[in-house]
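Just so it is clear, A, B, C and D label the chains in written order, and each chain counts residues from 1 on its own.
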Amino acid sequence: MTDLPDQLLSGYRNFMQGRYAAETDRYRELARGGQAPATMVVACCDSRSAPEVIFDAGPGELFVLRNVANLVPPYAPDGEFHSTSAALEFAVQSLKVKNIVVMGHGRCGGIRAALAPGSGPASPGDFIGKWMSLLAPSADAVSGNTLLTEGERQTALERISIRYSIANLRTFPYIKALEDEGQLTLSGAWFDISTGELWVMDRETGDFRRPEID
Amino acid sequence: MTDLPDQLLSGYRNFMQGRYAAETDRYRELARGGQAPATMVVACCDSRSAPEVIFDAGPGELFVLRNVANLVPPYAPDGEFHSTSAALEFAVQSLKVKNIVVMGHGRCGGIRAALAPGSGPASPGDFIGKWMSLLAPSADAVSGNTLLTEGERQTALERISIRYSIANLRTFPYIKALEDEGQLTLSGAWFDISTGELWVMDRETGDFRRPEID
Amino acid sequence: MTDLPDQLLSGYRNFMQGRYAAETDRYRELARGGQAPATMVVACCDSRSAPEVIFDAGPGELFVLRNVANLVPPYAPDGEFHSTSAALEFAVQSLKVKNIVVMGHGRCGGIRAALAPGSGPASPGDFIGKWMSLLAPSADAVSGNTLLTEGERQTALERISIRYSIANLRTFPYIKALEDEGQLTLSGAWFDISTGELWVMDRETGDFRRPEID
Amino acid sequence: MTDLPDQLLSGYRNFMQGRYAAETDRYRELARGGQAPATMVVACCDSRSAPEVIFDAGPGELFVLRNVANLVPPYAPDGEFHSTSAALEFAVQSLKVKNIVVMGHGRCGGIRAALAPGSGPASPGDFIGKWMSLLAPSADAVSGNTLLTEGERQTALERISIRYSIANLRTFPYIKALEDEGQLTLSGAWFDISTGELWVMDRETGDFRRPEID
């Protein structure tokens, strides 16, 4: 009996007997030497799209920010609390990551909420509504296009939001500077939960394509 | 050649041939039916403490928010953007998770920054400084206590911050209500990167102990 | 020396020694008994998307209409010349096909012209401009959406045009009636020239998906 | 299970494992670089006379218009929808094809309908009747000639219609000009479904002869 859900305790037992047992040296080294991940991933909280799983990443490899719909708000040095900006600052300034990957995914509940504002459960704070309103202009443009199917509108906004977040990354002066100097790459990716497909954004055109992996 | 770091592409290939191949049906079912995770985890961005790894979780099991130092700010329905509150709202109101676990970890860079404000790299926005100032009163009290070693101060603030976040969770009216009705549990946990140990917070006392897992 | 391009004559020689030699009986039988294809395909003139090739079809299997951008205009019994409507009438009324498949494809020049009217070579008749103006309302709605990349706008209109043509098929009274009686199916498909992928339209939602073929 | 006839899905599987697998590079190059076919073929929708099969053509080689009885109506810049003229314009003006081949065939149902107007299934629109009325003067002259057998009348009109379409091609000012400049050739051909014979039209006399192919 612990004050932790049984399933998590059981999973933790597997971790200790499996992965930790196999990678003990790696964990000890990472504890001693500190983390030095080459890549930061901005991903969604969704339970079906964990970056470490999709990229088969070991301990110490990915610095991972996860929020609803993997959004990066624009740079706003206004003295307020910005959890996303704080994580970016830590990754880029302190850890000096070489890559930032914004990874979205299909059937995203946050994107669905953005396309149908007000349709979710009512909440006094309406934090989801406010958070997703970052995408409101795009969502309005897409949701009015009835020539697209509901599924197409959803995918379109999921991909637009990745391009939007990458554009916002470039509003952070030091990110822009490092990218211009060739010391930092910005990538976009979109994960299809159903098929497992990963679509990668072309940096030139913004189009998403499936890389050849065989 | 893709616009994605090579290591991630290579890892994705492993995922497709390994985990996705083995769990194709599960992914398809999760795509069709939507996610229904029982647990939300609030964790740190740190590359050494991915919840899915530590809890050996499969797709669809954990809804995961990750920010620097796994902080939950207090409830603030002020119409501003709050990514953490948005994720909580989505998990509790839409997905109706049954558990929220705040998981901290040892050697946390965010906590270190809170204990030594101004020691990190300067940044015009100073988003990290602002973000960690949520812990400022606690950090001040701990950092002045020279009876504790540096390591003890670090661990102390890591655990204080978990209790602080759990206390803030209870400032969200619907979280408080659901916990009181026995429909939602709030847990704290602390992961030791070096030894792999997981310390679980006692809900009564706030103490952290290692559960028996054998 | 014949009055036929050399390449075609050379290809015809291959046909006689290869496919015709192997299928002589089938050709004779089809000459004697007449054609009785089960399926009509409405496809584009594009040199990269021949239905017989993509569907590996033998003689007698597919009745194929090909025009620019595989468009079906709406039913218009106005006494004018309508080559598309004439082909539909022949396929459905005389040949009694059981399926009609509208097959579009990626990188379609007609669709590109519809998205950028007036950008093609000037022509006194401007038959392309007029023909593609069937899609003008959709093209206007898509081309103004700068949140989508050029490639995404192109793909979007390619798929919208397939749904449009299928909707127009249903304006032909006997096609509608036969479909309602379950004697005729209408399908949509989109061929990706680069990858060879065939995306099939879901009849319920209008979404395009890749069928499993292994 | 897809919304595509089983036979087509099965054929598509063959294509992917066969022709596409063998010609992947060609398809990719054609996608990247665009199509540049040297030849346009105007052929009939008939399921037994696919140009790519008869001319053993690879991807990118033939730009193919197919309508009932492979007819080219006369040039008519009247602002109406003309699918055949639109395809010609696209092939000649945009793709700058070097050859246009009008290919008819034996036992053509459209020609049969032209020789016996009103014998087909009644249809309110009667699009076939209207479409084939392009050949009405010729058809009347031939059908009244009882010195010819029924088979001879059919073949005669099939070949007359090829000459008629080629004459109409020359009513398009830019086609006439390009032919006069020696930059575009116009050819006629007639395919015998039963024997596989291809008869090529002599440009001087209009006669059809079988080329030597051995």
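As a convention for this text, contacts are C-beta pairs under 8 Å (C-beta built on N, C-alpha and C of every residue); 3 or more make two chains touch, one makes a residue touch a chain.
Keep in mind the model is a prediction, meaning the values are calculated, not measured.
Student: Farthest chain from subunit A, going by the mean of C-alpha atoms per chain?
Tutor: D
Student: Report, in whole Å, the distance between the mean C-alpha point of subunit A and the mean C-alpha point of subunit D.
Tutor: Here the centre of subunit D sits 53 Å away from the centre of subunit A.
Student: So how far apart, in whole Å, are subunit A and subunit B when each is placed at the average of its C-alpha atoms?
Tutor: 15
Student: Averaging only over C-alpha atoms, locate the centres of subunit B and subunit D and give their separation in whole Å.
Tutor: Result: the chain centres lie 67 Å from each other.
Student: Which residues does subunit C have that touch at least 2 chains other than itself?
Tutor: 195
Student: Have a look at which chains touch which and call the overall pattern line, ring, star, complete or other.
Tutor: Here the contact pattern is a line, an open path with two ends.
Student: Which pairs of chains touch each other?
Tutor: So the chains that touch one another pair up as A-B, A-C, C-D.
Student: Any idea which subunit A residues touch subunit B in the complex?
Tutor: By the definition above, subunit A touches subunit B via 2-5, 7-9, 11-16, 18-20, 24, 27-28, 30-32, 34-35, 37-40, 45-48, 50, 52-57, 59-68, 71, 73, 75-77, 79-91, 93-95, 98-99, 101, 106-107, 109-110, 113, 120-121, 123-128, 130-132, 134, 172-174, 185, 187-189, 192-196, 198, 200-203, 211, 213.
Student: Which residues of subunit A touch subunit C in the complex?
Tutor: Residues 138, 141-142, 145, 147-152, 156, 159-160, 195, 205-207, 210 of subunit A touch subunit C in their complex.
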